[in-house]
């Protein structure tokens, strides 16, 4: 099990790495998607026992996935509009707000 | 468990590919592959609901992303790394975080309880809540995709 | 006659309610607000006298936790005599304002704030609960700011606001110290009820003392928290100056300081805190009076004296001896009388002439006799000339210093006396350049101000004389009940009094003449054969003490004084570079922002999971 | 059934607005205001029953996290009143203000969803419901921030979306760990279950509470998790900014944190110290940042972070008095900060700019805005008799009191934090005097000579909120007795010294 947990953690960190280091809007969203999947997996692994995965854990995993999906839909919409407005998808150039 | 671990390893690989690819379409397909692996893992472990959730996720997210790439840019042209204070700070931060998180959590895993919990539980109303979340997101998308936000603009 | 304790409420809430009424009175009702204000303050004054005559009164509502009551009012000797005087000043100022403020904008607000201030001040004197006291004390600060923003005639809106800003920052900042001090005091004594607090000692009590002292001296205007007064003097209406920094703020600040010394802290002559207060007092006396000597603006000159006089009070209370404390409190009372008298005379002159610059005034003695005489009496009073009241309170302070023990204290005595001399010297300048000397042509046709403005002046000048000639009266009636029996027989001790007096007069006159001789010599009569305006050839009183200003040692100090090095407020500007650095760090990059979050998590993990 | 109303009414209003907006353009104005007003009134009617000790519960469906479970206790009622009062004010203000944006019905729909989300957070009897509330409110909030669909709106929204999602994922992970360790998600049952699982002696629970600290911290925006807030709060449409700064960050951030640290895990000395340190840092850094701003709404946004610091400091003390002060400051900040945002919006509406350098002397031209801003500024600076004075006072007194009854060995820290809080207060004064100086005092620039006061429908909420600031300030014993004591009663049982 420890190996599974560790791999889930690594998957989460890979997603986080994408969020922090990638500057393309779509790449950032991909990073978020990886994180969402990893959290979903954490629930599955946490709820896992010989007989299957617990109902509550599953429900919460579902919450994570659907919640993530909802947010990402909005992110995609926003990123399209951002690209239209700024003419770039580079998040490090989208910084009118500072100070 | 071994199979799950292998699949997880593949997911990580797919994730890395998705993040590193310059071609965004390939990156998204790679993410989709990761999603499929996710679904497989869920079903393998017996998590039917999460698996269905995964299917929904992949089925909606991937086309959306492809569509978004079509509307924006197909190529990730952002520079990989510049020698700037900011970039170095960010790199140090993420590396430090990864190290600290792993150092902190690996000793925790044995502490995690392995008491089995009740396997079945009615999905019931939890679906209703998911619907509400999706509703909010739809309303949001509906608002954000307006072409003109303020009266008098353009 | 027995009064119901509920009468205490009237002194607080009647002015406040009347103030709200003033806010609602429409502009077309002639004299509506003015009559409301005068009638209310008169009523409050009468009630305050009744309360003073009556024995102790206490009004309480139910407890709301932590021993705090919503209202907990208590009148005893100290608070009721202060209540009487604050109401008196309220009455005089509203009388004075009728004419003085006539025709200005924002009158509606002016009377509202004025009455609110009076109510809150009365509330502060009466409240027996530190929290309630703090609330009323704070309201007075807010109304001070609001009254300042009404602004004098000749100041730009920016300047007016900046003066208000400065006063609010300094008093407000000191109030924060006061708040913490009150918290510590509560922690030590276990109660917020002022009459139940027993004198505390020890390290934390000393910290509480210093913090509360900061609050008190910022209100009273002693150094180093004095610098709001001169700025405000230039920007606020003179009646406001007479009302708040001139009288009520002094009463409040010194009241708090005396309560601290008398009731809350183990204060003995010669203890470190006593020394601290005495040093603050002495430095304030000298430094402020030095600044006052070189001012050109009448209001600013008066305001530096307001600071300087606060030094005497702090010095007197700081001695810790009964006579010294009594002297400090008596001086607080006297100062409020002659200082508001002086500010109001200034206001009267300003009302008559439209001018505040001493250089442009002169020769008004004949045109404004009542103002002149009132101003003269108050000026002699403030300089400590017998038989006016300032003399006695200062003398009591001197005696307090002598009784305080340690032989090195002669230095405080010297400072106080020297301060008196310089005060006299600077008032010679004020009187000369306003009422004596050559009358500028622009001021022909200036007439004495109307009766509503002269009555307050007459009352205040009369009080100066009465409290001087019959000094026993206020001391036995007002002050002895607070600090215990005071041996005032020494007041007439001829040797010391006379010597001090003569020394003071002599120094004052010497400085006066030095200044005068130098200036007269420098004024050229003709330039290029043209006959000059008599105004320019007259001896302007404003230049009397430029000699001192340019004297070696002082020139550096004065320059620094003008650069506001001694102004605690000016150190605020050093915050700005820090804010700029922080601002630049927010560079708009999402990645940077997320990295900060990561660092936050890293540190939390290390601290909580790693260690724990 | 009663708790369900807080969800059904906004949801129903959203549906009605959606259906009617095609036919009737102004349906949104009517139904949104009706909904928020009725919610506010309903929440007020609950004060009496709650004081008598009643609690309201509503359970729909199966066992705890799978069904929908709501409860109303003292704390949630306090939050409900605050939320719904401010949302009512904002929706009233929106009627005129939102005219400048297109597609007003969509705005109202999102607003209703956000209100519903916040209500769900407060009502939720288990962590999953709470999380769902956070998620709904957050999604609606992202969209509302982006509502102007111009450069800044989208940028602020996107950054918040990313950071907010990272936060919700942290929260979710925390919930997962707590669930597997304690075996339940019901908040009432969790306290005992967590204690049985070893409480803070259990490293898993410590880990998950750190995740909560980070996740809810990001939502509550204290330093260093704050960076999204100034962008989001300053660019969002003003009524939304008012809700965001006024209640949103408190409901989805602080309220949840209070729940976690007092109703679930229980405070430990280490967490108490961490909360206080975070609070103190937020106070000082944010107020300095606010001092540097020239955009009125950005200044207010930074000042919100600072005020969150005060609340966090109060929570961190952990004594009943500290929590009382924190909750009192929470509702006070909600009123005066929303008021300040509405005022800034009015100034922007009237003059077309938020740049302090271009404004000045508006007191004569905009009396209502001027007076209400002055009241709010005095309130936030902690001047008596306004409400901010009392809550700051209580927090300071609580810190002093904690020297005696707090955790042993923390005495110097309590004093230090008190000093920091006071220094922060002084700087707050400077910040708001700057705002007053550059907008309402000083001389009126020539091009603003024709500025007029905003319409009465925008003035009304400002006046009401100003009246609340004064009213709460004068009648604070009533507020403490009727609203705050029941709320603290829910928590301090588990806190320190209770």
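Read from first to last, the chains carry the letters A, B, C and D; within each, the first residue is number 1.
Methods note: a contact is a pair of C-beta atoms (placed from the backbone, for glycine too) under 8 Å apart; a residue touches a chain by one contact, two chains touch by 3 or more.
As the structure is a prediction and not an experimental result, all values here were calculated from the model.
**Q** If you apply the touch rule, which chains end up adjacent to both chain B and chain C?
**A** Chains touching both chain B and chain C: A, D.
**Q** Where the contacts of chain B and chain D overlap, which chains show up?
**A** Touching chain B as well as chain D, we find A, C.
**Q** Would you say A-C or A-B is joined by more C-beta pairs in contact?
**A** A-B
**Q** By CA centroids, point me to the most central chain in this structure.
**A** Taking the mean of C-alpha atoms per chain, the most central one is D.
**Q** Go ahead and note the Å separation of the Cα centroids belonging to chain A and chain B.
**A** 3
**Q** Find the geometric centre of each of chain A and chain C from their Cα atoms only, then give the gap between the two centres in Å, rounded to an integer.
**A** Each chain's C-alpha centroid was found; their separation is 64 Å.
**Q** Could you put a whole-Å number on the gap between the CA centroids of chain A and chain D?
**A** A distance of 27 Å separates the two centres.
**Q** Between chain C and chain D, tell me the centre distance in angstrom, where each centre is the average of that chain's C-alpha atoms.
**A** About 41 Å separates the centre of chain C from that of chain D.
**Q** Using the touch definition from the top, which residues of chain B touch two or more other chains?
**A** Chain B, residues with two or more chain partners: 90, 93-94, 97, 101, 104-105, 112, 115, 117, 121-123, 126, 129, 133, 136-137, 140-141, 144.
**Q** Out of chain C, which residues touch more than one other chain, so two or more?
**A** 583, 586-587, 589-592, 594-595, 598-599, 601, 605, 609
**Q** Check each residue of chain A and list the ones that touch at least two other chains.
**A** If we look for residues of chain A contacting two or more partner chains, we find 16, 19-21, 23, 25, 28, 36, 43, 46-47, 55-57, 59, 63, 67-68, 70-71, 74, 78-79, 81, 91-92, 95-97, 99.
**Q** Draw the chains as points, connect those that touch, then say whether the picture is a line, ring, star, complete or other.
**A** Contact map by chain: complete.
**Q** Where on chain D is chain C touching in the complex?
**A** 158-159, 162-163, 166, 200, 203, 206-207, 209-210, 213-214, 217-218, 224-225, 227-228, 230, 268, 270-271, 274, 285, 288-289, 291-293, 321, 361, 378, 381, 383-385, 389, 393, 396-397, 399-401, 403-404, 418-419, 422-423, 425-427, 429-430, 433, 436-437, 441-443, 477, 480-481
**Q** Could you pull out which chain D residues touch chain A in their complex?
**A** Checking each residue of chain D against chain A gives 65-66, 128, 131-132, 135, 138-139, 142-143, 146, 149-152, 154-158, 161-162, 164-166, 168-169, 172-173, 175-177, 179-180, 185, 230-231, 234-235, 292-293, 298.
**Q** For the complex, give me every residue of chain A touching chain B.
**A** Checking each residue of chain A against chain B gives 1-11, 13-18, 20-27, 29-31, 33-34, 36-37, 40-41, 43-59, 61-63, 65-74, 76-81, 83, 89-92.
**Q** Where on chain C does chain B make contact in their complex?
**A** My answer: residues 587, 589, 591-592, 594-595, 598-599, 601-602, 605-606, 609-610.
**Q** Can you tell me which positions in chain D touch chain B when the two form their complex?
**A** It comes out as residues 11, 14, 60-63, 65-68, 99-103, 106-107, 109-110, 113, 116-117, 128-129, 132, 135-136, 139-140, 142-144, 146-150, 153-154, 157, 177, 180-181, 183, 202-204, 207.
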